[in-house]
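Have a look at this one.
Lettered A, B, C and D in written order, each chain numbered from 1.
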Amino acid sequence: MGKEVKKIGVLTSGGDAPGMNAALRAVVRTALNNNIQVVGIKRGYNGLMNGDIRELKGKDVSEILGRGGTILHSARALEMLTEEGQKKAANIYKILGLDALVVIGGDGSFQGCKALAKYGVNCIGIPATIDLDISCSEYTIGFDTAVNTGVDAISKLRDTTGSHERCSVCEVMGRDAGYIALWCAMGGGAEEVLLPESKETATSENVIKQIIENRSKGKLHNLVVVAEGIGGSQELAKEIQEKTGIQTRATILGHLQRGGAPTALDRVRASEMGYMAVQLILEGNMNKVIAYNKGEYEAIDIEEALSMQKEFDPKMYEIVKVLSI
Amino acid sequence: MGKEVKKIGVLTSGGDAPGMNAALRAVVRTALNNNIQVVGIKRGYNGLMNGDIRELKGKDVSEILGRGGTILHSARALEMLTEEGQKKAANIYKILGLDALVVIGGDGSFQGCKALAKYGVNCIGIPATIDLDISCSEYTIGFDTAVNTGVDAISKLRDTTGSHERCSVCEVMGRDAGYIALWCAMGGGAEEVLLPESKETATSENVIKQIIENRSKGKLHNLVVVAEGIGGSQELAKEIQEKTGIQTRATILGHLQRGGAPTALDRVRASEMGYMAVQLILEGNMNKVIAYNKGEYEAIDIEEALSMQKEFDPKMYEIVKVLSI
Amino acid sequence: MGKEVKKIGVLTSGGDAPGMNAALRAVVRTALNNNIQVVGIKRGYNGLMNGDIRELKGKDVSEILGRGGTILHSARALEMLTEEGQKKAANIYKILGLDALVVIGGDGSFQGCKALAKYGVNCIGIPATIDLDISCSEYTIGFDTAVNTGVDAISKLRDTTGSHERCSVCEVMGRDAGYIALWCAMGGGAEEVLLPESKETATSENVIKQIIENRSKGKLHNLVVVAEGIGGSQELAKEIQEKTGIQTRATILGHLQRGGAPTALDRVRASEMGYMAVQLILEGNMNKVIAYNKGEYEAIDIEEALSMQKEFDPKMYEIVKVLSI
Amino acid sequence: MGKEVKKIGVLTSGGDAPGMNAALRAVVRTALNNNIQVVGIKRGYNGLMNGDIRELKGKDVSEILGRGGTILHSARALEMLTEEGQKKAANIYKILGLDALVVIGGDGSFQGCKALAKYGVNCIGIPATIDLDISCSEYTIGFDTAVNTGVDAISKLRDTTGSHERCSVCEVMGRDAGYIALWCAMGGGAEEVLLPESKETATSENVIKQIIENRSKGKLHNLVVVAEGIGGSQELAKEIQEKTGIQTRATILGHLQRGGAPTALDRVRASEMGYMAVQLILEGNMNKVIAYNKGEYEAIDIEEALSMQKEFDPKMYEIVKVLSI
C-alpha cells in the first residue's frame, strides 16, 4: 500500500482513439470513489507544460462513455522530447501537487512517461491507439472500433463492387503496422491484403495474379485491402484496371476509422483499464503500463514495456488467403 | 385498361443505388400476384441485347429488400446509344414475348427507354440514383441512404477532428449535382460546402475566410464538405493548412456511399414505385417514368420527363451558412 | 415585418423525439445570427410556469445536432390545462420580456400554444413526435428515425426467425396511430401488420390465416408487425403458436424507438423548421405551426392546425399485403 | 497425420448466433482448399437423422460472412437424446461416407458429439452461442455481436430516459448466465445489474436503494440492466415507480440480440475456428472442441470440455458499481 493519494492528473496523448473517453471516465469515477481529486490536463503533454488544466468532477464525465474522440483533446508535444520540456512538465506536476499522472496513449506517449519518471513523476500508462502498435499489449483501446468501421465500409463497397462486377481497392489505417488491414481483410472477406510486415510479397504482380486466378474460378468481383504503411492505392487500382481490364476503384478510409462511438469491447476494456490505473496508484505501484495479454490484465514496468517487441503472426494472413477462394 | 399482360422484363441500369433490389422485389411480387411472368435481365441493357436473362420467381427476391446493390447487376451499355443496339434490344424483347419492360435507373437509362419506345417496346422507368440528378422527380431511390452514409461518416470525422482541433475536408459523391453534398453538409453540421451549382463562390479563398472567421468566434475545429463535381479535396486541404496553419485532412468517401442496406425511406418508396410500375402496365399506361413530386407519385411521359429541368434552390445553402456559426 | 425582436424563448414538450435537438440548435443559431437573445426553457411548459430557464449561447448547442433526446428535457404539464397554469406561464413570459415562444412538440403541446395566445403570448409550433400523429403536417420530426430503428430491429429478428423457421411478432410504437407500424411493416418486409386504423381486420384469425397461407406457398418463416395501439403481442404470439404449431416469439420495441441519433432526413427537416420558426418571428407572423405538406414547408394558423384531420390512406396497407407473398 | 479425408459434414445446432455463417464459410472453404467434399446438414441433428442434406460448394457460402443467422437453419433435436436417435444419426453419417462431422453450437450440441463418438463418428465442436455459457471456452461465437446490440439499444434508451428524467429497466438475453447482462451494463453505463450468478443481491430493494442514492448525488435519470435469468422486468419497473415516484419503463430486448450482422471480432474468430476445425480433421485429431482461452485457440477433448466448470468473476460487477456513481 502506498502513501495516501489525494490528487491525480490525467491526459490523453498522441492520435485519438474511440474509447479514450471511456477510460477517462473510469479514471475519474474510480478516483472520486476513493476521495481522490482529479485534474484533467488538456491537449496531451502540452497542457501539462502550460498548465492548461481543469478539475474533473463526476458530472464532467457523464454521457462520454459512448462518445468517440477525447474531451480532453489530444496533440503531439515536440517539446516533451527535450530535457527542458520534461523539466517544465515535471515542475508543473509538483506545483499542482499531483500524486500521480495517468497517460492514455501509445508508445510515443509512454516515452514521455519514462522521461518524466526520472524527475519524480509517478506515471501509469493506458494503451490507446487504433493501430494496435503498442509493443507490450495484445489489446489497445480503439482497435476493435476501427476494425469494425473498416469492415462496415468494406461491406458497403462490396455491394456496389458486386453490382458492377468490379474490383475494389480499400486502403485502411494502421501507420507502419498491418493489424487493422489484416483484421479488415478477414472480417471483410477480402481476397488479398497488402501488409507492411511482408513488403516483399505485397506487390501489384501478386495482387493481379490472384485476381485473375479468382476470376477464372468464377468470382465476379474482387476486393483488395491495402495497409496505410504500403499505400499507393490509387496507383494500384489504376494498374489493376490497365492490366486486367477489370474496372477498379480505390477508396481510402483515412480518419474515418479514428472516430465513431466505441464498440462494447472497447468500452469495457477501457473502463477496466481506467479502473485498474487508479487501483495501481492506490497500491503505490507506479510507473507501469497496463497491458492485456493472454486474456488478462497485467501491469508492466514502463521501461520494460517500451523495450518489448511485438511479433507479427503470419498465420492470420495464411487463413485470409485460404478463405478467399 | 390495356390488353392482357402475360410477361414482363425488368432490368437495373447505370450506377447502382441502395433500394434497387427493393424496387425489383416489388415489381416481381406485384407481377406474380397478377399472374404475370417476370424475366430478370442482367447487366442493364447489355443483358437485353445479349439475351442474358433468367426468370424471377417469388423466392428469387426474398431476402433482398434490405440488401444494397442489385442482384441483376448493372452496367453502362454504349451499344444502346447506336441504332443497331436499339434494334437488337427491341428484337430480343419481341422474341421473349415481353409485354413491357421496367427500367430501374437514371436519366441515361430513360434515354434508352425513349429510344426503344420507337421500336414498339413498352417501357416504365423507375428513378434510381444516389445523385438525385433525375430531372423529373424530387425523389430518387438511393439518395436517402447515400446521404445517411455521408452524415454518418462526417460524424466520425468530427470526433477525431474535434479531438485534435483540426479541419476536415470531406468529399462526397453526386457527379455534377450538389444535392448529396448539400444534405450532408446540413445533416453533418458543416460550416462550408462547395457545390458545382455555385462554382463562382466555391473557392478556397471563401472557405479559408470562413474558417478563420469561425475560429475567431471560438470554434475549435472545422468541417468542409466538397461535392464530387468540384473535387480537388486533397489540394484544398493542403491550401487550408498552408494558409491558416490549421492541420487539415481530406477524406474522399467515394463508392462507400453507393453501398449499404437501404434506409427505411428508400425501401418504402422503392417498394411503392415497383408496385406502381406494374399497376401502370396493367392499365396499359406505357412509356412513363414514375416520379415523386409534391408528396405524391405521378406518371410522366418519358419524353416529357427527359425534357424537364430541375432547379437548384439556393435556400438550403443559405441555411447551412446561418447554422454554421 | 413585425416590431423589433430582441428575445425569444424555446422549449421542447411532450414525448421526446430524435431531431428535437437539431431543431433547437437551428432556432438558437438563427436567432443569434439575427441578434436575438435566446432563453431555453426546461422540462416543457413546467419550466415556463416555474421560471426553470437558462440562456442559450451558440456554444450550448454545438455537438447536439446528432444527439437523440432533448437537452432541454421534456415533460407533460398538467397544470397547463388549467386557466391558472396558463396565466402563470403567460406572466413569466412577460416578466422575461420574451417577444415570442418556440414550442417543439406535438398536438398536445400546440394546445398549450393556443391557450397562451389568448394571453398575448406569440407562439410558433414545430411538429415533433415519432408517432406522426400531428394533424396538420405530413412530416413530423423523429418519425423517420423511429421507423429506421424499427426496420433495423425487424431485420435482426428476421435473421433468427429465419434460422429457426419461426414466426416473429414485433410490436412497434405509435400510440393510437399506425404510421410507424405501417412503415416498419413495408420497410421490414412483414407479411401482416395490425393497425388501430383498421381494427376490424386486425384480428388474430386473419393473421393466422395469412401465416398458414404463406407457409403453404413455401415461406419458411413469418413476420407480423403489431402497432402499439393494438397491443397484445404476447397473447397473439401465444395464440399463433397454439393454433399453428409454429414456434412464435413476441418482441416489444418500446422506448428504444424514441432514442438514437436522428437520421439525415430528421436532421435536415428539423434544422430547416428551426430556421423557419425564427424567420416567421422576424416577420411578425405569429401563432403559427410549421408544417411540411406536398413537399413544401408552410405556416398554418395554430387554431386551424389543431382543427385539421389527417386521413389514413389504405393504399400502403394494400401494398404491404401484395408484397408479402 | 490421419488417414486421407475425403468428405465431411457440417451442421449448426441449438440457438443460432451471429457468426455461425462465418464459421460455416471457413469450414467449407478450407475443406475445398484441401480437396475435401462438404455436405451441409440442415436443421441441426434433425437433418443428420433424416438425411436432410445438400452439398456445399464454394459459391454456396459466398456473401454469407456478414449475414446473421445460419443458412443451414438450426433446431433442437430431442430425438438425439435417445439411443435410437443417436444410432440413426451415426448410421446416416456412415451411409454418407463422412470422415468427420463439424458441429457449430453450444454445450447441448456437444453432448450430441459425445454420444455420437461412441458410435464411431468423428466430431469437432465449434463453440457458438450468444450467451457465452460454454464451459470450456472464454469466447463463444455471437457473444460480441449480442453485447454490441445490447449496448446500442441501451444507448437509445438512455437518450429518452435522460430527456424525461426517468428510470429505464432493460432486460437482456443470456439464459441462466449473466455474461451478456454484465457486459451490457458496463458497456452501457448502467448503475445496477441483476445477475443470476448473485441472486441474493439481485433484489428490488437493492436496486431502489441504489437509485435513490444516485438521485441524491444529482443523477437525473437511471438505468438498470436485468439478466434474462432473473427476469421480471415489468414487475421491477412497476415497483420502482411505486416506491420512488420516478417514472420507470421496462424494455425486453429478447430475440433482437440473436440477429444482426456479426461484428468484426465474431467474423474473425469464427473464421479462424472454422479453419482450425478442418486442420484438426486433417491431422486426425478428432473428437475435440475448439476453445479460445488465454488469448489462444486450443483443442480440448469433448468429454473433458463438457466436464469443465466456468467460474464467474465478481470483479467486473464491482467495477460496474464503482463506475456508476
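By our rule, a contact is a pair of C-beta atoms (placed from the backbone, for glycine too) under 8 Å apart; a residue touches a chain by one contact, two chains touch by 3 or more.
Note that the structure is predicted; figures quoted are calculated from it, not measured.
Engineer: What chains, if any, are shared contacts of subunit A and subunit D?
Structural biologist: none
Engineer: Taking mean CA positions as centres, which chain lies farthest from subunit A?
Structural biologist: Following the centroid criterion, the farthest chain would be C.
Engineer: Between subunit B and subunit C, what is the separation of their C-alpha centroids in Å?
Structural biologist: Whole-Å distance between the two chain centres: 28.
Engineer: Using mean CA coordinates as chain centres, what's the subunit C-subunit D distance in Å?
Structural biologist: Comparing mean C-alpha positions, subunit D is 36 Å from subunit C.
Engineer: Using CA atom averages as chain centres, what separation in Å is found between subunit B and subunit D?
Structural biologist: The computed centroid separation for subunit B versus subunit D comes out at 39 Å.
Engineer: In subunit A, what residues contact two or more other chains?
Structural biologist: Residues 155, 162 of subunit A each touch two or more of the other chains.
Engineer: Pull out all the chain pairs that touch, please.
Structural biologist: Applying the touch rule to all chain pairs gives A-B, A-D, B-C, C-D.
Engineer: Which positions of subunit B touch subunit A when the two form their complex?
Structural biologist: So the residues of subunit B touching subunit A come out as 12, 16, 18, 20, 43, 67-70, 73-75, 149, 153, 155-165, 168, 249-260.
Engineer: Contact residues on subunit A for subunit D in the complex?
Structural biologist: 25-26, 29-30, 32-33, 58-59, 63, 65-66, 138, 144, 147-148, 150-151, 155, 162, 183-184, 186-189, 217-218, 261, 263-265, 267-268, 271-272, 275, 293-296, 316, 319, 322-325
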